[in-house]
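Multiple structures follow.
In the two complexes that follow, chain A is the common piece, with chain B as its partner first and chain C second.
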Partner chain A sequence: MNCDIVPIIPLGIVGLGAVILMMLAAFEKIHLEVAAVFSMCVFALAFVMQLLPTGPSDMAPYSELFRGMLVTNGFTKVAALIILACGFFTAMSSTSYFRQNSFCTLEFYCLLIFSVWGMLLLTMARELITVFISLEIFSLCIYVLVGYNRRSATSAEAVLKYLMLGAFAGSFFTMGTALVYGAVRSTGFAAIATFIAENGFLETPALVGGVFFILFAFLFKIAAFPFHAWVIDVYDGASVPVTGFMATALKTAIFAVLVNFLSLDAGLKGAWLDILFYITVFTLFAGNLIAIGQSNLKRMLAASGIVHTGYLLIAVIAVGDNALSGNIILFYLAAYAASTLGIFASLSYLGGQDEKRCSFDDFKGLAKVRPYSAAAITVFLLSMAGIPPTAGFMGKFYIITTAFQSGQALLAVLGIVSSILSMWYYLRLIIAMYFHEANEPFEIEASPFAPICTLILAACVFAIGLYPMVI
Partner chain B sequence: MIAQWLFFGFATLAVLGALGLVLFRHPMNGAMCFIVTLISLAGLYALLSASLLFALQLIVYAGAIMSLILFIIMFLNIQITDLPEEKGRWTFFFGGIVLIAPIGLFLLKIVKTLPESSTTIIGDNFGGVKKVGMVLFRDWLLPFEIVSILLLVALVGAVVLAGKKEMAS
Partner chain C sequence: MFENVLSTMIFLPVLAGLVLLMLPISQCAARRLGLAATIIILILGIRLAFGFSGAGGMEFSEVREILPTLGIQYSLGIDGISLFVLLTSALLFPLVFLVMTNQTKGCYGNLLIAQGTMAGAICATDLILFYIFWELMLLPIFFMIGIYGGPKKLPATIKIMLYTVAGSLLMLAAILYLGVAYHSQFGHWSFSAANLANLTLGGTAAVLAFAGFMLAFAIKIPLFPLHTWLPDAYTEAPPTATFVLSAIMAKIGVYAVIRFVIPTFEVEFARYALLLACSGVIGMIYCGIAAIGQKDIKRLLAFSSASHMGIIALGVFCMNIQALTGTLFQIVAHATSTGILFLFVGMLEERMGSREISDLGGIARKAPVFAFFFAIAMLASVGLPGTSGFIGEFLIILGAIKFNTAIGVLAGTTLIIGVCYMLWMFQRVFFEKSNERTSSFKDLTPIEALAFLPVILLILIMGIYPQPFIAKIEPAAKEQIASLLPAVQVANYTVLPKGQVSEHK
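So, the complex of A and B:
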């Protein structure tokens, strides 16, 4: 017997934690770091609860009440674990960041928890309106988090751009949902799958159009090729921990729902394969070209995020409909999340006041002054570049071998080429850190959180790499 | 037949209002045009026998929200000299049309394939408070409930972005 409440306990914990923190924010006496520790506890508790066994197969909690709009299985479970871990480490590195930057209030952590709540819901949602609402929940949180530093002009610019373009993507999603409803007379994933199985996908133009607009919105959110332009400015304008959070948790949530949606029916995915192929190729190379031209670290990482989206899209295209396919995507997401969060944690620690160290040149000679920090950053960069024995290598290895096996040899080769290209900008930082003399003493206000966070994540990078496919 | 003509009338008005919203320079004129759009949408809902939605559209959107927006614009007391100069707006406008046109044609094609349906009044209290409530709380309970979180988040976000308080750690 499966207990209905078990899969949604983490959702309950995170939601309750967010509401409690929102109320606590009214009190002057609550310290910022108390709030950070509180949110870390919320995420940790939800993480442990998420580990409770629920069985690997599809299960719809309270299907009478929720009409099957929520479905959990092994895939959503691991995606939720990654998202919760991202929330945990973001809260951890924010504490160090806000020792040196003073624009934080308690609502920062509250919004962080709310956005994780929205993402958890998104991974489970099997109904387009629920997907839309949970998408908007975390998008709204992230808009505010991006614009949190109201004294900074780049931050204001970032939030304005993101809000406007996000609103466009949201409206396209609603239009797509309306068209799908017009064709299928339902917005549930199960009903759409049955409809396609009975009538075929390409025979119903309204359905094709609807899916087109829905994919448009998803591709915008993951910053795939034609919609990648916003990502650089927005990541640059956001504060470092928020950028790390956006790059990892948000991407995990959207990829989870994208995979759920595309795996509804083989016909649905088959119709888009050609388009997705070109989008993937352009995403890989546009991201690389932009990243090579950057001198600012955050902008470089934003552009490299586009490249990683490209790899994940290869996995989405190449893998079949079996359970293994989701695992490869999740494995890559976990590996990518560990290294990206790690590098953003180090940046929030080393960035200094008002993020004064932000370009490649600012990190010259870091290894001479702070050898451990430099070593940790090197580990994360090597993992992102895909050098063995790190997790990033295993992730890329799985994706490229699957691409070969499923006959997408061209994509696999292009993936390898882009991986080699990406060495350029990852190694550039390593060279700057190790082969130059230090110009400055890298004085930093000591704070234990970010270094611990970096240490755990560096261990994770190796652990995920050494114990592959445990998921 | 009359319903058909009413539909075309309302639809044209809605599109014209939306165009005015985008094209008028002064925000006040834009807001007024938006009211036209909202009211014609209410008319479209009425044609679909959605009586509750019709009333809500008029009271909440055209009434409450738009009067709030109008108040804000009046508070700001925007003069024509305060408005930013928009260089090359027509270039952007026509460029936008060129970009959007394929999507519009695509949509037209899709709409043409939709099955014909008539706009006649459906009896049986369709679209009334009771029917909508039943649907909302039985079939759509989950989306209805999570909207509350969405509103909560919007509230917290508005307080954060508009508030003055800055706390030292």
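So, the complex of A and C:
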């Protein structure tokens, strides 16, 4: 039993932190910013514990942990680190945001920690019911977080859309689980893998149907084509820190479980490869076309998130054919998380009261007034666009190389073409910030947290890019 | 410092540029700092030139592993091909800081960053490293045009950025394809140019990868019909950025074709050389004719630059020693002449507030030294015997006639177009009647004249006594052509008649 507990210490810390904060919130004993610092401490502590060498760090896909329900290996560890870092930076930048927007209460941070808890559990889950439970734990938190600004109509619209569609996806997932259970008589990943190895995948119709529904739910959560439409409105309606959190941590968690699920068996993945190919291509180009048309920054970032989902799907398709590819998804997620969180951190202090600055035009001339903020945003945008020597470039480099290596040359070239298209909307913000005169003084009243956060993340963008060279 | 001379030449200007951008110093101090940095680079460059043996192969190499799992190296080196491109850049940059005194601090900072990153692209012998510098060198130009450019700067910036990024991203795909192909053929990763040259490529994939590389370089050079970004970008850019674009950056495109495309894609290159050569000639004639009709002197020079890049590119595609030597020679010749022509135009604009040819006139009487220097640079640009331009263009046309008589004759006869627009422009700007605007024009100060003098002398020396330059260029050119010759025979269409091939052996 003892050895079962050790690998989930970070999970315990986060859960305990959430409960403590909820208690404190119930009696309203602490100040909002103390709660933010508290949650940052919780994430930091869990992050450090996660770094400690507890449990195996190899890539063993299954373990006997909690009767095979969970597993900790190198992959889940890094995924958890990314999620914890996302939580940390979200909590950090939200303090500046809530200096200018007053709808925050203590529960905001409770929900944030709880959702991180659910995501951590999801990365480790090796059993469909566990997956469903952790999926719902963080989904429920995020529904509330999206609609946190009760007075805003767009926020209400966003939460309604997300809740309805999310509920659909959740029910599809349970449907799939039921079908899989009917075929395999177990919901454990190990048992499913054994079953497929013995009986073949396409030979069992119930299994095919079940996996179809499960993939449907995952693709909805990562906003892949054709389930991408909700993303724009939901990201737009949620408050800036929440949008940043959803775009990064949520995506990391779902991709972790998606990769785990698809790598159950080569036959399972092989059966969907053709469909995934088209989904990837359409995701890339639908995201780009939507992003090109946006004038609102949050909506543009939401659409560009769809494009990044497309890149990650390229990696998902190419993964598993060689030794290199195991970590590229995590690398890309880390690179993407650093730059996306960075932009949202800057938006959370530059956005002003009630997010009054939200379009490309509102940021005209930022470089003249706040050159360091503009430089940081430029770094994030260049990283997203994949310009060297940022993390985004290395991420794309790995993904395209892996795609070539696994014989998906067409996908690699289409990925490159899509990043040419994406230059347009990233450049547009840079052009607005640098090449126009400032119309306003960009005065902000904010805690220094978010600017510091931006600075750290800008450093991270370079550090992550250089990291493979250090090891 | 001298062990890592190439690294110093790359990172010193970049660091100086970043410091300059971040520190709150005055515009004048920024210029002095930049001047100091570029002069250090020039001194290093001169030492480099004297230390260069010219025996063939890479010299001053620096190799460090940066990503051993993928075989990516920080590897630098120069040979006869890159040496002169690097030296030209080192020679011309101090000049900019000396004569362009009215630029903003940001402009100077970006200029330094551009110098460093371009040096990186010139020295890199690993393709990934090269790609990193290739992308980075565009960024300072992007900001220079966008922030300090003329009234129609926005469309110009977007055009140049999208064009070049589209090209370079497709090149990235081609580079990664080569890396994966190398891995599957040799069992380990490498992106080093020398290693990739050993690849056996074939089929559609090779042609596509070749196209990926050529597209990126053809946009940068620019080759017809990918030149449409050039007139706008050159015209709208501040004079310093135009100078960087025309004098060095366009040349890096040609250089990269010689360095990376020819050794790796011998067969494809030989097969499509005729097509590319035609595109070079068409671009030369088309841009030349377009230049005649221009009313803005900077735009005229932009088209003239594009036209000359056409003939420089033609030299690469002729695949013989004469043409290649001519191209490498002409890279230096054209960089010096066009570079300072753009600086002169920048000074004209700075002092008179107009670039319209019709607004100017009679400057020669007011500013004889200025007019004299301008004339020499202009004559070098059109290839008058006795100037550097003549030697380069003569060699290229000689090679072109050898390659394909029709193309050679066409290129040789249409050089006259260049003389037309240049001399006509010179007549209208420097002679004829002066007006109120030009009557107040001040000649070069002694310091400015002294700054220009070395470059003017270089133009004349290269024109009168080219032997020492050619002696350093030729071994490298021979090496390149030698590596290409078997491929020429292998290619489905034998481009060179058999007799000529054996002649080179």
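Note that the second predicted complex is superposed on the first by the 445 of 471 C-alpha atoms of A that agree within 3 Å, B and C clash if a C-alpha of one lies under 4 Å from a C-alpha of the other, contacts with A are read in each partner's own complex, and residues count from 1 in each chain.
Quick note on the criterion: a contact is a pair of C-beta atoms (placed from the backbone, for glycine too) under 8 Å apart; a residue touches a chain by one contact, two chains touch by 3 or more.
Not measured: the values here are computed from a predicted model.
Enquirer: Could you tell me if A:L179 is touching chain B, chain C, both of them or neither one (first, second, both, neither)?
Expert: After superposition on chain A, A:L179 lies in contact with chain B alone.
Enquirer: Which holds for A:E33: it touches chain B only (first), chain C only (second), both, or neither?
Expert: first
Enquirer: In the superposed arrangement, which partner chain does A:W117 touch: chain B (first), chain C (second), both, or neither?
Expert: In the superposition, A:W117 contacts chain B only.
Enquirer: Look at A:I387 in the shared chain and tell me whether it touches chain B only, chain C only, both, or neither; answer first, second, both or neither.
Expert: The second partner, chain C, only.
Enquirer: After the superposition on A, what does A:A206 contact: first (chain B), second (chain C), both or neither?
Expert: In the superposition, A:A206 contacts chain B only.
Enquirer: Looking at A:A409 after the superposition, I want to know if it touches chain B, chain C, both of them or none. Which is it: first, second, both, neither?
Expert: second
Enquirer: Per the overlay, which chain contacts more chain A residues, chain B or chain C?
Expert: Tallying touched residues of chain A, the top partner is B.
Enquirer: Determine, under the contact definition given at the top, whether A:I420 touches first (chain B), second (chain C), both, or neither.
Expert: Second partner only, chain C.
Enquirer: What does chain B use to touch chain A in their complex?
Expert: Per the touch definition, chain B meets chain A at residues 106-107, 109-110, 113-114, 139-143, 146-147, 149-150, 152-154, 156-157, 159-161, 165-169.
Enquirer: Touching chain A in the complex: which residues of chain C?
Expert: Going by the criterion above, the answer is residues 66-67, 69-70, 128, 131-132, 135-136, 139, 143, 146-147, 153-154, 157-158, 161-162, 165-166, 169-170, 172-173, 176-177, 179-180, 183-184, 205.
Enquirer: Enumerate the contact residues on chain A facing chain C in the complex.
Expert: It is residues 324, 382, 386-389, 393, 397, 400-401, 404-405, 409, 412-413, 416-417, 419-420, 423-424, 427, 431, 434-435, 468-469 of chain A that touch chain C.
Enquirer: State the interface residues of chain A toward chain B in the complex, per the touch definition above.
Expert: Answer in residue numbers: 15, 19, 22, 31-33, 65-67, 69-70, 98-99, 102-108, 110-111, 114, 117-118, 121, 127, 129-130, 133-134, 136-137, 140-141, 143-144, 147-148, 150, 179, 182, 204-206, 208-209, 212.
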